[in-house]
Each structure stands twice: as C-alpha cells, then as structure tokens.
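Have a look at the structure below, then the notes.
Letters are used for the chains, namely A, B and C, taken in the order the chains are written, and counting of residues starts over at 1 for each.
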Amino acid sequence: MKKLLILTILLTFVLSFSSVIMAEDDVVELVLYGRVDDTSTITNMIERFNEEHPNINVVQESTPSGDARDSYVTRFAGRDDSFDIAQIDIVWTPEFASAGWIAPLNEYFTDSELDAFLPGPITGTSYDGQQYAIPRFTDAGILYYRKDLLEEEGLEPPTTFDELYTQAGLLQSNYDVSQGMTLQAQQYEGLICNILEYMWGNGGNVLDEDNNVVLHSEENIEALDFFAKLVKSNVTPSGVSSYVEEDARVPFNQADSAFQRNWFYVWGHVQAEDSPVKGKVGMAPMPVGPNGEESAATLGGWNMAINNFSNHKEEAATFIKYITNEEAQIENALNTGRLPTLKSVYNSEKVLEEYPHFEELYDVFINAKPRPVSPMYSQISEVMQREIHSVITGSKNSNEALRDAHNEIENMIN
Amino acid sequence: MKINDLSERQLGYILIAPALIFIFGIAIFPVFRTIWISLHNIDLRIIHLGTPFVGLDNYIAIFQEARFWNALKNTLFFSFTSVSLEMFLGFGAALLVNRKFKGRSIVRASVLIPWAIPTVISGLIWRLLYNDQIGVINDIFLRLGFISESVSWIGNSSTAMWSVIVADVWKTTPFVTLLILAGLQTIPKELYESAKIDGANKWQEFINITLPLLKSSILVALLFRILAAFKVFGLIDVLTSGGPSNSTESLSLYAHRLLFRNLNFGEGSVVSVMTFLGVLLISFIFVKIFNVDLSRK
Amino acid sequence: MRLLNKYIKKILFGLFLVVFTGIITFPFLWKFLMSIKPDSELYSIPIKWIPSSISFQRYVNILTTTSLPTYIKNSLIVATTTTLICIIIGSMAAYSLARLDIRGKKIILSLVLAISMFPAISIVSPLFLILRDFGLLNSYLGLIIPYTTFALPLTIFILTSFFRTIPFELEEAARVDGATYFQAFIKIILPLVTPGMFTTAILVFIRSWNEYLFALTFNMSDSMRTVPVGLTMFQGEFAVPWGDISAATIIVTIPLIIGVLIFQRRIISGLTAGSVKG
C-alpha cells in the first residue's frame, strides 16, 4: 500500500515535470510591459505576430503613462523576470543600461540593420558603445504656427529667436488671438526639452563629446535670457510656468494663440474635424539663436528594450524586430500618427500621401538631438529644472542659475 | 480549552494576536529593509561600486543638502496649515450636519464627495480649475472683480503652496468630518438635557460637554491627518510636480525623486526614515498633550 | 419681532447651506458638466458655462467599450474584503486594548501607529518582493493583504476610542450575571459600538477604494486593475481626454456616495437602537 502511494507520487511528479518541459518546448510566453497608448494598433500587431510565430505567445501588460517609470524601477530593482520586453522612454536607456537592467542588443541586430534607423534615436538609446533599445516611434519638438495669420501679414515662419518674439507679439496685437505663443515651462522634464532647443539652437550644450560639463557658457546664458524673456512677457500666458503639454496645446487648438512649441501629437488634434484651426496650422523647425548655426529639436519617443533578467531574450529580440520593421512602422504611422524611426518609411508613398509634411520636416526629425546621454541624466535634469525655473519664476539671473547648475552637475558627475 | 474558559488577560492576548501578526508580519520587512538600505551605499547607477555599508554617511550627505531642508520646511508648512484648516472646517461641518434640518442628507452626501474621488483625479481636476486660460477659478474671480487679470495659481511661488493646500483641504476635510460626526453620536443626549436644566448656554455646553467627550475622536482625526499630510505625495506630484523652483516639494516627493528617478536608493531611504522620525516626533507630542489614558479607570 | 428674527435666521442658515454645499461640490459639478459637454466646448475660451447641447453618450461608451466595469468589480472585491477583515480583526484588537487588562498597551499602540508612518514610496519596493515571492502579484490577495496591514492602525485607533466611551459597569454587570469575558465582548459591548464600526468601515473602504501606488505596482494585468489606476489609463502620453475621464469619475463616485449614505443611516439608527442608558 505504502509503496503504491510512493509510486503514485513519484509518477505524478515525473508527469508534471515532463508536462512543464513539454510546455516550454511548445510555446514561449513573452510578456510585453509598456505604457498605455495606441493600444489597438499594437494589440493587432501582437495578434498577428502570435499567429505567424506559433512557438511564441506575446502577452501585453500595460501601465498608465505618467507612472511607467516607477513601476519599471520597482520591477527591475527586484530583478523581476516575469516580463521580457519593456517599452521605455529614450532618456531612461543609459540609466537602465548602466544599472544592468536591460540587455545589450548588438547580438541580435547587425550594424547595417541599426543604420537604417534615424541617427538621433539610435544615439539616444546606445550606451558605452552598445545598443540597448530599438526605437519604435520617435518624437521631436516642433514650432506650430498659424499659417493663415502669417500669410495675411505676408510673413514667413520665424527662423531666429528675435523673429519668433516679434512675430508672436505682432500677431497677438493684430488678430483675435489673446496669446502670442504657448510652450511648456512647468518644473518638470518638459521644461528641459524646451530650453535645450534654445540652447542647442544658439550653439550651446550641456555636456560636450567627452562628457565635460559645458552648461555655463555665453551661448546658454543668451539662450536662457531669451527663454526667460519669452516666458515672463505678455506674449505667453501668465500661467505658462505651470504648463505641461496639454496646457500649451489647448489655447492654440482653440484658436487663441499664434504659435506653439509642442510634440508631434498636437498635429492630430489641430487637424481634427471639430478643430477651430483645422487647415490653418503650419509646422516649422524651432528658431535659431544669434550664435547658432542650425535649428535643433529635442528628441522624444519610445523604444523597445529587453529585460536583462528575462529567460527568453532570443524570442524577445524576434518580437522587437517584428514590431519595428518597415511594415509595422508604416502601419503605426498611419493608425496613430506616430513618427516612424526608419529612414525608409519617410519615403513610403502610403505614408507621404497621408502626411505630406513628413517630406519637409524630415530634416527636423533627422537632426533631432537626444538629451544628454548619461546614467546621471535624471539628476542632471532635476538640477537644471530647479535652476531654470528659478530664473523664469523668481529673481535669479541666467548667469547665476547656469553657473550654480554647472557646478552642481560637475560635482555630481565626478 | 474553550474560548469561554479564558481569563481576562489570556483573552486579551488572543484577541490582539491576529492584528499584530497581520501588521508586523507584512510591515516589518519593508520597514527594516528601508532602514537597512539607508545605511548602505545603494546607487543603482553605479553598481560596480557594490553596496557597501556606509554607516550614517547617507544621513550626513542628506543633511548637507539644502534641498532636504527645503522639503522639510515645505512639508511642515503644508502639514501644519492644511491639518489646522481641515480640523477647523471638519469640526464645523460635523456640527452642522449633526443638526436637524431639511435636506440634511443632501448636505451630508455632498460633504463626502471630495473624499470619494481618487487623489490623482482630484489633482487633475484642480490643475484644470487653477488654469489661467481655461480655469474656472480665474473666470469666477474675474467676474466677481476679486482679481483684475488671470492669476497663475500654481505657476507662481507665492500662490503655489496655498493652491496645493486648498486642494488638500477640499479633499480630506470629509475624513475629519466623519470621525467627529461619529464622536458626536456617542455623546448621550441626557448630558445636554441636564445641562440645560442647570441653565448652561450653547457655548458652555460646547466647552463643558462636547469638547471633552470628543477628545479621543479629535486626537484620532488629528493623528491620522498629520500622518497622511506629512507623507503627502500624489496631490503635489500631479498639481505642481514640486515647482515652482522646488517651492512645493515635500519630503515624500523628494524621496520619490531620489528613489525612482535618481535610482539612489540609499539616500532616498534616508529621506523616508527622516519622514518617519518627523511624524513619530509630532505624534508623540500630540499624544502627550492629549494625555490619553489607557489604563482601566 | 422675535418671529421675524427667527425667519431671518432661518433664511441666513439656508443661504449658508447653499453656499457651503455649492463650494464643496463645485469641482464635482464642474466635472459632471464636462462629461456631458460636446468635445468642441470642453476648453472653449472664454469658458462656456452653458453647453450648446448635452449628451450622455460618453457614459454609454465607457460602460460598453472600456474595462471600467471590470475595474469597478475588482475595486469592490478588494475594498470590501479589506474592510471586513479590518473590522473583524481590528475590533478584536481594539476591545483588548480598550477594555481588557493586558500588559504593554502603550507600546503596542505606538508600534502599530509607527508602522503607518513610513512613506508608501519606500515600502512599495520591498512589498513587491514579498508579494512576488509568494506569487501574489496580479491577484486580489496581493492588494487585500497590504491594504489590511496599513488600514489596521486607523481601525484599531478609532475602535479603541469608541470602546472606551462605554461605561465599564456594563461588563461587570454581565460578569456578575455569569457571562464569560468573551461573551461580554460579543453580546454586550460589540453591539454598542456599531456606529464606530460603520464609521471605520466607511473610512477603510474609501481608503482602499482610492489607493493608487500599491495597485499600480502590484496588479499590472488589465483584468486585475482597480479603479484609480484604471481612471489614469484614460490618459495618453500627453493627452488628457477630460470628457471621458470626467464621465468615468462620475460613474465610480455616485454609487460610492450612495453606499456611504446608506451606511451613515446605520450609524445614527445603530446608535439610537443601542444607546447607552446608564
């Protein structure tokens, strides 16, 4: 009797183990963890991928956009292997890579495959000579303007800081728009995205090629002076120092502002059926400063990375390849209006038919710059946010603020 | 042994055991781990340094940060102001809805509404209300002539903290109201009747009967409001994200930035431990002032 | 003259009530207005107080095409279970602390209180590790357990203060009549604190219903998501669809308020039924 019992237990064990092994042989389950957005498009792609790859089954877990980073940090710091693919913000890549949380991808992607992508997103997602994430869609800061008003004045879109300021003031006083320009100047990451465009556009930078701090420079002081003038003046709304993307979009969308600096998502809103400014909006590169040579846009966008603790990296790479390939990017661009990351997609006829402006804005996208690529980035950004905000809302002058930020960042990095 | 055979003390320990098991079984590890991390150099951006024990180095580093003292100052100001207002208004609202009048249940329901809305959402609502272009507060104030032009409530260092406080008071006063209301219900009506016979006026009734008998309800409301206010995070994160220029950054917000943004777990845990010690100290003072007596008469 | 005075007082009181409730409910009413406005008027400048047309289509869409009903179900399960466990375990502990002769009461109460003083932000990561090791991520228990842990201090403090308002003679009388300590607790004292229990229940329920950080971190799959996290899922990377968020908030708030009102009735009636007659 006893023997029989032991035998049964043993047998059950063996059977259950073999069934586990068989299941592993059968289908690998991959968990994709990403922020919520354009879900139906990605859901359709996942379904198709699963059909085409009978040995892989991708499951999606999602998180609200604003708090995606918090849950990633918790999961990664806990060396969590219960998800395989992460959709991450471009500035997180060096941080997550240096923490050993995401896997290098050079094993799975050849150099020529990587060369097919826009250079900015690739630089932004590489760290220490290795590629750590594959850009799924990109984003860039764009100057939106009221085409109809500029045409009436017989003006071309502004190309310099001063032109932007005078044109915004001019349209504000001559037409029925109560604001000249809206932008993002709350103390948050978006503030850095905004100010960098003026700093870069004036020939300045935060870190140089050898990662030396170069924040406290004539060019940057001049750029910040201009930005502060813009924010404090009546050209921008009085509340602009608390504005995030939506706060800036709404007045422009309501035909109440002449210019707006924002990301590409705004295009879909201003061109919507019930939009008061439908057909009246143009897009231009950000203006250039007196010391600058070319316009600069801050790079945004989301990228696919592989969890370093995952047991299915190979399969995860297969999936990433699938949803970043040309076909997928065309579909994503058409359905969600997201900017593609493959150069070739900008030549696709289907895409150009829907978004003719891709052709003229291609220069903006290909020249968009990543924010400082450093594992210390979030701290660098916090210091700059605080100091810059004290210039635009307080009494500190640009010179002092940048000097203080410069010293603090230098101490932090060394 | 059956439960009915237990002595008073035995029963006492048995009744309290499940709560203690629950609380300490789950909370001890996270709490001690936070303390442990605060004594180690755990910076996930530089993992090649390992996680050496550094004693109080993280504490010293945090104490030298102006940002920490600024966050502490903001937290104290926020907690003191919002909790005082909440206690005052919550008490008033409780006395109000405790009266009998027509439509009392509507007032009761509306008093509770703010508290039933998740913090993230109420933060978003207030952001919208405070907006200078499409915000309804500016619209009303302009119409009433209180202000001559739109004010940037949350983008201005002189008004941002007060805007956060107003939103918090709106949201959490119902908590105080509910607790005080429940306390009011336990006061026997006979006490008021006999006081009336003795010729006491309303104010004397309030001072001599209501307040003393509400002592423990007030203490509980006060304690738990301070506890929550000192840890304030979500509301500020959504409303101002700590700005303008860190003027609304609270301790929890600072801890969050260190932990989840800078990945500096050592220093982030120090800020958490300091928050804990701050609340501990304040609670201790209040318990002493109220002199709660737990012995049996 | 006196009659007139009384009328004026009444009118003033009524006016005060209207203003008072008006201010308190204003943000909520504004939200309601946004939920029925047409999209094009959500952000009109200047503000449009009276919409040109109203529609309840958003409510229909949310209830039929989003996962909000699932979120509500999850939140109900988690919050109700948490509340029940808290009340049962909490009233036992509170009774012991308030009325029985045990040692170390002050220390126990201080420790219990201290537990709820750590910022949730630093607790969340270690808790994640525990729950993962027990396989409790993406489960109801994974939320119920931490919610109960961190709501128990509040429960115990409120109930202890309620238990202490009851005269000690009651138990002594019961003991004289031959009741055991346990019987005295269950049959005599417990019914007297129903108002306290209902108040505590409301507080714990709403607290659990609204909890965000743990829910965000521990339950990542859509089928296990709770209401607060679910509501923020309406937001895109930048876009905040106010119409939908407003409608969804109204949908989840109204039943909550009705539930609380029913519970509050119990507070009052429970009291009159078992009022302490000395």
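Just so it is clear, contacts are C-beta pairs under 8 Å (C-beta built on N, C-alpha and C of every residue); 3 or more make two chains touch, one makes a residue touch a chain.
Listed by chain with UniProt protein names: B = Sugar ABC transporter permease.
Keep in mind that what you see is a predicted model, and the values were worked out from it rather than measured.
Visitor: Classify the chain contact graph as line, ring, star, complete or other.
Guide: Shape of the chain contacts: complete, all pairs touching.
Visitor: Of the pairs A-B and A-C, which shows more C-beta pairs in contact?
Guide: So, comparing the two chain pairs, more contacts are at A-B.
Visitor: Specify the chain most distant from chain C by Cα centroid.
Guide: For chain C, the chain whose C-alpha mean is farthest off is A.
Visitor: Between chain B and chain C, what distance separates the C-alpha centroids? Give it in angstrom.
Guide: Going by mean C-alpha positions, chain B sits 15 Å from chain C.
Visitor: Whole-Å distance, chain A centre to chain C centre, using C-alpha means?
Guide: One centre to the other, that is 38 Å.
Visitor: Scan chain C for residues touching two or more other chains and write them down.
Guide: Residues 43-45, 125, 213, 232, 240 of chain C each touch two or more of the other chains.
Visitor: Among the residues of chain B, pick out those that touch two or more other chains and give their numbers.
Guide: Residue numbers touching two or more other chains: 133-134, 256, 259-260.
Visitor: Two-or-more-chain contact residues of chain A, please, as numbers and ranges.
Guide: 70, 73, 77, 250-251, 254, 256
Visitor: Mind listing the chain A positions that touch chain C in their complex?
Guide: Result: residues 33, 35-37, 61-67, 70-71, 73-75, 77-78, 80, 82, 178, 244-246, 249-251, 253-254, 256, 263, 265, 269, 274, 276 of chain A touch chain C.
Visitor: Which residues of chain A touch chain B in the complex?
Guide: 69-70, 73, 77, 95, 98-100, 179, 185-188, 237-243, 247, 250-251, 254, 256, 375-376, 378-379, 382, 385-387, 389-390, 393-394
Visitor: Within their complex, state which residues of chain B touch chain A.
Guide: The contact residues of chain B facing chain A are 44-47, 130-135, 149-157, 160, 240-246, 256-257, 259-263, 265.
Visitor: Inside the complex, what are the residues of chain C that reach chain B?
Guide: Residues 13, 17, 20-21, 24-25, 27-28, 30-31, 43-47, 89-90, 92-93, 95-102, 105-106, 108-109, 111-123, 125-127, 130, 145-146, 148-150, 152-154, 156-158, 161-162, 164-165, 168, 180-183, 185, 195-196, 198-199, 202-203, 206, 209-210, 212-213, 227-228, 231-232, 240, 242, 245, 249, 253, 256-257, 260-261, 264, 267-268, 271, 275-276, 278 of chain C touch chain B in their complex.
Visitor: Touching residues of chain C toward chain A in the complex: what are they?
Guide: 38-40, 43-45, 124-125, 128-129, 132, 137, 213, 216-217, 220-222, 229, 232-233, 235-240
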